[in-house]
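Following are the structures in question.
Each of the next two complexes has chain A plus one other chain: chain B in the first, chain C in the second.
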Partner chain A sequence: MTPGGKSLKLARRLKGATKYAILDAVSPIVAVLFAMAVASIALVIIGKNPFQVYATMVSFSFGRADSVASIFFKATPLIFSGLAVAVGFRVGLFNIGVEGQYLMGAFLASWAGFAIKGLPGYVHLPLVILAGALGGALWAFVPIWLKVKRGVHEVITTIMLNHTAFLLLHYLIFDVFMDKSQVVVGGAGSPRVRMPPIELSARVPNLHDALAVFGINLPAHAAVNWLLIGGIALAVGVWYLLWRTPFGLELRTVGHNPRAAETAGIRPQVVYFKAFLLSGAVAGLVGLSDLLGYFGYLDIDFPRGYGFAGIAVALVGRNSPFGIILAALLFGFLSRGGLGIQVLERVPMETYVILQGLIILSIVVASEVVRRYVRAQQKKEEAAAHAEP
Partner chain B sequence: MGVSEAVLRVDGVTKRFPGVVANDDVSFDVRPGEIHAVVGENGAGKSTLMKIITGLYPPDKGEIFLRGLPAAFRSPRQAIAAGIGMVHQHFMLVQNFTVAENVILGAEPARRGLIDLREAARQVAELCRRFGLKVDPLARVEDISVGEQQRVEILKVLYRGADLIILDEPTAVLVPQEVSELFEHLLTLKEQGKTVVFISHKLDEVLRVSDRITVLRRGRVVGTVRTGGVTRQRLAEMMVGRPVLFDLRRSANPPGDPVLALEGVTASLGGREVLRDLSLVVRSGEVYGVAGVEGNGQTELAEAIMGLRPVDSGEIRLRGENITNLPTGEVRQRGVAYIPEDRHRRGLALPMTVWENAILGTHRSSEFASRGRLDLRRAFRATEESVLRFDVRLTSILAPVQTLSGGNQQKLILAREFRGQPAFILAAQPTRGLDIGATEFVRQQLLSARDSGAAVLLISADLEEILSVSDRIGVIYNGHIQAEFSQDEADPRTLGAYMTGARTRERKGAAGR
Partner chain C sequence: MQSPEMLASAIRLAVPIIITAVGAIYAERSGVVNIGLEGMMIVGSFSGAAVAFFLGPYAGMLAAILAGALFALIHAVASVHFRVDQIVSGVAINILAYGVVRFSAISIFKAATTSPHVNSLPRLSLPGLSEAAWLRPLVHNVSPLVLLAFALIPLTAWVMNRTVFGLRLRSVGEHPLAAETLGVNVYLMKYCGVVISGALAGLSGAYLSIEHNGMYVEGMTQGLGFIALAAMIFGNWMPLGAMWAGLLFGFAQAMSLRVVTQAVPYQFVRMIPYVLTILILAIWTRRARPPAAVGLPYERGEAT
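This part shows the complex of A and B:
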């Protein structure tokens, strides 16, 4: 046995593993195509030509720069919420509470955005973003504290805190921080139920100037902003944390087998605590793209549902940070394309919901099929390696 | 010996599962009134073969003949109806039913639509008398011993009229006395004209009780031999495919200083005391074996030492330092290696990769982590070294650890735990479920660690293992060390008496040696 020969063999073995990684990456694409095929049945039943519908979906979504920008804008909060859910999943916790956490994050950010005045943007904006993260983490603190100290299941507490967050937000906006300075033209309705506008120093700039450098000129109404880049950077950060740091290794070990982690000297309760607060902090950023990059104020009709969508995004993205970016973009495209086919093809908006549901199902099934196949193959290879010597 | 004589004839049976051939053209026959042993390592295909015979799996190829007639059972029920009874390794009894109720379950004698329990008890008592099986038909199963429970399982198949009885690893759960009793029962069954197929990997037992032996290796029949015409050594060679070292070479080490000491340790679980006033000392350069019937506090003992379970009173000292109730991580940092009894539940994170599992526990050491970053290159290199040194067979260190066989998973745990030259090694059931080759390897590693000065605490349900590896032996019963022996004064019968609680509270002078 020469050492050289042995390490050569190991190198070959490493190559074998990439083969499965590719298979793993291809399976969601196949699943999406499969889901589109099944959704065609629904389209045929309502008397539409699926090919034409899908063609319109694509041409409408990608036909114009502002339409593409809209996909990215829609994807931005989903990247954050997908990441928040995935961090929970990776440690073995089901964070259903992203919904409530981002509302609280948005509230705290909004408060820091209007109440603090006179700071330059490069101080104010980071502060406001931090306030958002803090709001989310605070709202995550209660369930994880109850879980670690008292063994209360996080699914129950986070669901209840979602309702609490929404009602609390109503109270805070309507009764405490309502913007009284709104000028309502006589006889033209009532003032908006919203908090005071956020200082310009805490607004997130859009991407127009940056994109103009590359010769892409967006019309003024496109809302895609720097938080898209922020979300992608955060995905890289989460990936790094999970796969390149000792804490990430602990987090994933606890997620797979808390007892083995405990036996190795890791304290699962501490890891649960830290990871869930992190999940909450990321969740606190979900609403900021809308808040700081689009509306500029927090009102009672602030977009909801990103938290639940994040569960689907994490699922489709297989809890992988880069998968989540792609999944968020896919959902952004479906939402934008759904709008297109509603207007141009007179296909009901629900078609988009059907397609989205089918895609989630197909990807979950496909990934399971691939997982089993890869497992069987690896077992076979392992058996072969056994016979080899 | 004509073929028609055979009660059971297996002819060219092949069974494939994804990736493995579990049975490859297996043929053998069982003659009426014999005790026929089927031996082989784990994974040799014994269980699959029995499942095919009893109709749980259909064979891919080949046939089964029962008394000369083709018998392709499609369900265990058909096999039972044809007179084949199976006694499983893990008993399938209803704990709060009586013996008689368990025996008749599924084939109840009824009168006017009601179960006739009196008739049932009478029939069961009659069976007991006829086959010399001592068990009270009216006792509740939860109140009787493991050996008696096994008799209930045998009664179940007799009650259903089986004349070919298959026992799957029947001695795995028994203490030595119970094994002897079981063998007497088997001989009685044989005298009464029943045929017995006895599946085992314990060669001594097979040689003691069987008439003929069929050896399986990697799904193939190596041969069928007459028990009188074969030695243990030869049988082991047939099983493993190469000569096997039975007597582990051990040097006589003078024991060194105490490394681990437990003094009056008491722990409870849900209000019940699981460790009672437990004391023991393990010295450097010795293996201290803890023998006992499972469920007498072995698991709790290991967890208490490792800080995985709170200790109520008493003290655990490592090299003089009190480590009682210290967090697991800190216990480990003091040079403690731990091979947990259940490698899937406590030893490994199965879906994670080989390298991740290989550095688990030391992942925060300066070797693998610097400035909050994992040094993958070093982790890979260390894993590759471990894999080569402990001969772990695998396809890739990036593959999930669940793709490894049980033996290789255990070797990986050993490689991980032995890396830091531990002063104290806690090995709980380290060879459970491993084949002969891997078992031999693990035991040798434990002994070589001992030879280089480590203190080893070996907790095992396998008495043979305790006797062959330990320098001193303590018997645990009911959470307490009942007696201690040095290796040369220990014999299975005496140990067995303490293990069952037949003898208690005695401490021999070995501890002070």
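This part shows the complex of A and C:
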């Protein structure tokens, strides 16, 4: 074989590789478009024009600076929950418990936020964030302990713990920590059921001042805060951990093939344990953007559903930290747009939830289709290469 | 006397768990994990109530069965044909079901979380025994679906153990390659198993809304689909075992609704079914004997 022939072959293979890489990158986009097409059926059934609805979604979301800021605010918890789910997926575990873990994280953070007084912000805030991570990790402890010690699949236990977490939170807010200073205003129903306000030293400031430096002036009510930057930093941290540290290598090896990892001297049970607690700790931070950057207190109507949205975010982001940031922004947009179509088009904002479910389905189907196509092509190429003398 | 009341309540609450757990047996025996049962129950509970509101309870039941089966079909297409992770697909089904039901509730009834009141199926009473006061709660004004749930147990045992269909279904869940070699249509069997599980989950949802509650209320399934899966595991993938496990969970549910004491806050009482589920799985999982090929995707013609 001449050297020229070899390099030609190599070039062809490289071209093939880039082709597959492009396919891999494009398939999530195709899947999202497919999901939007399927969701159109629901829109048509209720007598709406899907094109107009989606156009309103875009124009409402990107029409004003505060609306764009809202996309980033809505994306912030999704970055955390996407990362939490992705860490689980990378090691081969399915953490559907993010939902319960972040409620527990928000509770511990809220407790540390109002009960500890008189600390400077640079001590108090990190402490509160740690409390959030601790709450999430604690709630992740039971399912992973049962998985490793008793072989119980994590999916049912985490779901049961989601229900339990909500009931426990209900008890803690109602019966233990309720803010008694909340009074009925002018006979307007019952007093607000919530925990005492978090000390100002533990609040997360918004991004207005930082953005003003770049000439972007947000209106005062925009809620996007520094935890957005925190989420992006955490994504970098998770990337570093997964791809640049020995533990990350172990984690991914176990995720690929636990038996092979064991042969290589890794103890999968230990890696499962650590990785799931890490996933829980990240999950514990999911609620902090709302808690410390927006409400400033924990109440019974604290936002729910970020944990399930995180599954969609992780899958669309291909379990890669940077993909997750983009996917979180996509879902931030869909969520903001969902509000827009409710207000302007009288379309229920649950379209957003329908899209979540459809996107998960179409993305896993799309990646399977691409995988099969690539395998078939590679077989063909190999056969062709063998045929060439 | 409280106990017959309590028992009757436990049975009423066990019914949706038993019906769904029996459905789960069909899916898992064919080798497919169906985490989406909760979603199929949600879809069944809403579509059942919505159709019952306009066309009466029988049509409601039928609609719920069809809606559950339709969502199961999606799960089957994704996990059997496209061989995607069965758990991921099931979770997507659950999210999708929640969204579709809220969307429909707002579109039809202008309220996201409830439907109007609906009439239930005619109640059954055993005339002679209803006179005895202590038996009355058990045999008076019973929903026909209670009888159906218990009839499903011997029926499913017969289907699984005595029919060609049942044998093929189980062979596919134990060793699909061997089954295919013997000429069994593996995909068709898996589709059947999953769709039957969805139809039964839909029916169980309709029981909750039409029979038990008289209306659809958001969140009325409260994790029962997952508890049913745990009941199926605890029952070792056998109908009779699932029935006993279902009754146990039904009893826990009845307790969590009825026990009112000052000593224990009600939130902790409400946790009983969830904590019991976790405890039973913790004790039982190692001893459980699932179908050998459950959860594994099967690719046609892998033999070559």
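Here is the rule we go by: the second predicted complex is superposed on the first by the 325 of 389 C-alpha atoms of A that agree within 3 Å, B and C clash if a C-alpha of one lies under 4 Å from a C-alpha of the other, contacts with A are read in each partner's own complex, and residues count from 1 in each chain.
To be clear about the criterion, contacts are C-beta pairs under 8 Å (C-beta built on N, C-alpha and C of every residue); 3 or more make two chains touch, one makes a residue touch a chain.
What you are looking at is a predicted structure, and each value in this text was computed from that prediction instead of being measured.
Participant: Is A:361 contacted by the first partner chain B, the second partner chain C, both or neither?
Facilitator: After superposition on chain A, A:361 lies in contact with chain C alone.
Participant: Quick one: classify A:249 as touching chain B (first), chain C (second), both or neither.
Facilitator: first
Participant: Figure out whether A:265 sits in contact with chain B (first) or chain C (second), or with both, or with neither.
Facilitator: first
Participant: Answer with first, second, both or neither: which of chain B and chain C does A:142 touch in the superposed model?
Facilitator: Second partner only.
Participant: First (chain B), second (chain C), both or neither: which does A:182 touch?
Facilitator: neither
Participant: Using the superposition on chain A described above, determine whether A:49 touches chain B (first), chain C (second), both, or neither.
Facilitator: neither
Participant: One more residue to check, A:217. First (chain B), second (chain C), both or neither?
Facilitator: Neither partner.
Participant: Could you pull out which residues of chain A sit against chain B in one structure and against chain C in the other?
Facilitator: Touching chain B and chain C on chain A: no residues.
Participant: Could you pull out which chain B residues touch chain A in their complex?
Facilitator: 18-20, 306, 308, 327-333, 338, 340, 345-352, 356, 359-361, 363-364, 368-369, 372-374, 376, 384, 388, 393-400, 402-405, 408
Participant: Quick one: which bits of chain C touch chain A in the complex? Just the residue numbers, please.
Facilitator: 35, 74, 78, 82-85, 87-89, 91-100, 102-103, 106-107, 112, 222-223, 226-227, 229-230, 265, 267-268, 270-271, 274-275, 277-278, 281-283, 285-286
Participant: What part of chain A is in contact with chain B in the complex they form?
Facilitator: 6-7, 10, 13-14, 16-17, 244-250, 252-253, 256-257, 259-267, 375-376, 378-386, 389
Participant: List the residues on chain A that touch chain C in their complex, please.
Facilitator: 42, 45-46, 94, 96, 142, 146, 150-153, 155-157, 159-161, 163-164, 167-168, 170-171, 174-175, 308, 311-312, 315, 348, 350-358, 360-361, 364-365, 368-369
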